[in-house]
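Each of the next two complexes has subunit A plus one more chain, namely subunit B in the first and subunit C in the second.
Showing the complex of A and B:
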């Protein structure tokens, strides 16, 4: 038998909001630029697995070591044999190690953006004072910086080694400077392409495969067609074919303006006139990647 | 051993939405390049062999194998939805076997078929080159799918490891160290292709008996071990 308790209806004059003592925040508000800087530094650290689990440190650190070890070996050989020059040009190094660079950008670009999409944390970022442009800029700058660290570190190893081996200072410094410009452009280009592809898919694994496919298949296709054009004696077409893959773009650009010897078949690099097209293509691609990212994040997750 | 429902779900996961478009872009590129090369060069056996060997078999088949092999099981383990599949009254090896069949089928359709078409475009199957490379692509599809399906059950970074194997081991070490070529799916399948073509255009570093034995052993072992891994699968949090 249920006992019906008489329900006392709360009368209007008894309700009130209790002040239970929460205090309002009256400290400094750090604002938009601080949030952007934090996002940048967190993404940059994340690209090398710092501040993440041990397992996710393994791959980026391993790739970093793989990038630097051949440079150290080259320096050791140059010192031991008392050579007059390093076995490899500064500008050529990144082209030789392109597989490692591609793997790095393919593994870290999805890590940087895909998980935000998959766990739907992007709206949380935009509930902070940052804007779409800040998010895109911070992520792009972070991945490009990480790539620059990866590609410039072996050049520093080569340069320091060359100076220790008492090679010609002016010559080496010039080559080192040209190498740095080339890898800076390469970092911007690869980071842009990687981020655009990774930002489309929330699946990390699929993003990795897509980035690798774009980078290696385009290089494979372009160099195959170039080799055939070379064998057919139509070497005038080689530089124009080179416009269609990121690696050959950088290769052509640096052989036109940065004193590099081209890795194209027949070693025919683009002339200065064609080099201008290369520069325009590289800058246009970087701008296009930035524009596409902005467009993607205008409405993502909202 | 084969469960139609699991197969249907796996097909949907692999080819659903825009993924089929991206998977289809690679074969399309191969065919476009073949058309360009045919227009530039004309029918030439050596060129056809170089293009099919260098682009189709060495790059395209492994990448499609990685996408299909790891994509068949990796995302499910990654987002934890595999528990709903594992809680059904199905044997774990059955799940693996079904997913393997699907991965093999997808890899074959998206790599072997375009190889055949490209071969016919390039030199109209002169000296059996198109057929030889298609057979190689078919054979390596099976081994790659089994290998990368295993990787998908073993590691969360299966795609990266698969690509490291396909690009760094087979392409880079394979061209530098002769010994590495003995342990490469690509060379094993080339040995089979060599048998089909018969000429000197398609060559392999591995003899046919060794290659066949290794192919079968790798496929069977990888599938068996993937089943074992799935039996004792533990779901961990993100990283």
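Showing the complex of A and C:
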């Protein structure tokens, strides 16, 4: 049986599927930096649920809308009432919306790193040209960018609205610029804290709860102690207390250097001298987060 | 070490007294190997040092001592270049359940440095070659173990590497899935031209798939030989036949007929389920298969099965001395 198989297909049989066999790849191999960029863009898209299931798009998109709607309303009010100024400063907006921002970082930081740990995809990444540092940088940059998009979008809405309402151009542009610097620092800081916490646990639920807890409890505790200090008249202590939560750090930093009015009790922001400590604290925390992530992923090999 | 070097024999992996010591355990102990193109099996019990070896070869874990080269690149200094040309299929699950096979493999292709268009084309090709068709658009979470193994294999092959490391690719598969996977592994070299280093704790399944088998135990090289001379000495055939009115005990009739032709059946191990109905004999080569077929046909019995018995790693340990001698005999 099957002594000889005819090599050619019988003629007239047009519907035959041809097995074209294995094709080798001779094209370019773009290497480490391209792979890192690919991971960055995949993670950034993932932070808004793009390229993932419909279910995972809901929360990030919803939070994005929630971030932008108040800005749109403020603009509408400003235009309708022909106000001389926007109801809220650019720098203040993120502080008001901090709950939404915290929720976003709490939901998306574990999404970004815990999944890779939980489903053990990390070894696959490290079996490719990228190194540990590339992975950490790509993930950090992606989440920070996603948060920047989330926090900068409403500022753009405000800015465009302000220009439409024919508010003072120079004044608005300066405020907008200061706002962008502020949210950029906030994005880096929050993304770092979120990732460090999320990278510890492969369990997404734990990650979400832990990030929310760290962000809200620290803010709650700091505000309470600040309020007590204010009530007892020791307002000099307020700026120092503010160093102990991410939100108040950003608040203090921008009221010292970015022309923001402080949300601290009594509206006492840190002085320029104290502000330097704030800047150092913020930059130190960002560096520490990066360092901790590097240490964590050195251990997670194959 | 053991391979006889021929003209078309290119060294793919070479190690020189490679050692890896952890604070409390020695994972690899002065291992020297020379692996050529083709399918090479790396056999060892759990904890024998197989995964450690792969980690070192991928340039992810520094060796404590000795050196290793993969595709002519030093693992200590050229890790990234090696990983660009090598594929790796881990032993454990590594697939996110909420994305489709296509999306996942495209992403992994890009992680290997393939431009977006090439990544998509190669993904479609590779998934087809490993045998995933319509289901590749569905989330991986709903796949069977066999399908997941195929996706894992596809991500290791998608960038057209020169060499793939497959860590226990048949783990968790049923016998049919196992045979499919072994056939696929064979094709990776014969059809795709990609050399393979495949680990397993089952020697038998590697015998049939590999050109060359390396056995390690406790981080030491136990044996390294090509499978052709290896299987000839160890292949055991299991034969099962039906009974007929003429021959109420078909097995015995075949045993006697074979005895008349000068082939002795081995003592069937008692205690084995159905051992009384299975005839075990040592295959001397192609002729033995033909002989069994003819004998069974002459007796008018039905041949239920004739299969190669799978050898377990333990057999290597029991015959260790004998094989040491053999390895020396083949050594160069």
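Operating definition for what follows: the second predicted complex is superposed on the first by the 275 of 302 C-alpha atoms of A that agree within 3 Å, B and C clash if a C-alpha of one lies under 4 Å from a C-alpha of the other, contacts with A are read in each partner's own complex, and residues count from 1 in each chain.
One rule holds in what follows: contacts are C-beta pairs under 8 Å (C-beta built on N, C-alpha and C of every residue); 3 or more make two chains touch, one makes a residue touch a chain.
Just so it is clear, the model here is predicted, and its values are computed rather than measured.
Participant: Could you look at A:53 and tell me whether it touches subunit B, subunit C, both or neither (first, second, both, neither)?
Facilitator: The answer is both, since A:53 touches subunit B and subunit C.
Participant: For A:284 in the superposed arrangement: first (subunit B), second (subunit C), both or neither?
Facilitator: After superposition on chain A, A:284 lies in contact with neither partner.
Participant: Determine, under the contact definition given at the top, whether A:236 touches first (subunit B), second (subunit C), both, or neither.
Facilitator: neither
Participant: First (subunit B), second (subunit C), both or neither: which does A:228 touch?
Facilitator: first
Participant: Touching A:208 in the superposition: subunit B (first), subunit C (second), both, neither?
Facilitator: In the superposition, A:208 contacts subunit B only.
Participant: Regarding the shared-chain residue A:217, is it in contact with subunit B (first), subunit C (second), both, or neither?
Facilitator: first
Participant: Mind sorting out which residues of subunit A both subunit B and subunit C touch, each in its own complex?
Facilitator: In subunit A, positions 52-53, 56, 115 sit in both the subunit B and subunit C interfaces.
Participant: Any idea which subunit A residues touch subunit C in the complex?
Facilitator: 21-25, 27-32, 34-35, 38-39, 42, 51-53, 56, 115-116, 119-121, 123-131, 301-302
Participant: Would you pull the subunit B residues touching subunit A in the complex into a rising list?
Facilitator: Touching subunit A from subunit B are residues 19, 22, 26, 29, 33, 36-37, 40-41, 47, 50-51, 54-55, 58-60, 63, 66-67, 70-71, 74-75, 78-79, 156-160, 163-164, 167-168, 171-172, 238-239.
Participant: Which residues of subunit C touch subunit A in the complex?
Facilitator: Those in contact with subunit A are residues 51, 54-55, 58, 60-61, 80-81, 83-84, 86-88, 90, 92-99, 103, 107-108, 110-115, 118, 122, 125, 129, 139, 155, 159-160, 191-193.
Participant: How about subunit A: which of its residues touch subunit B in the complex?
Facilitator: So the residues of subunit A touching subunit B come out as 52-53, 55-56, 59, 99-100, 102-103, 106-107, 115, 118, 203-206, 208-210, 212-213, 216-217, 220-221, 224-225, 227-229, 231-232, 234.
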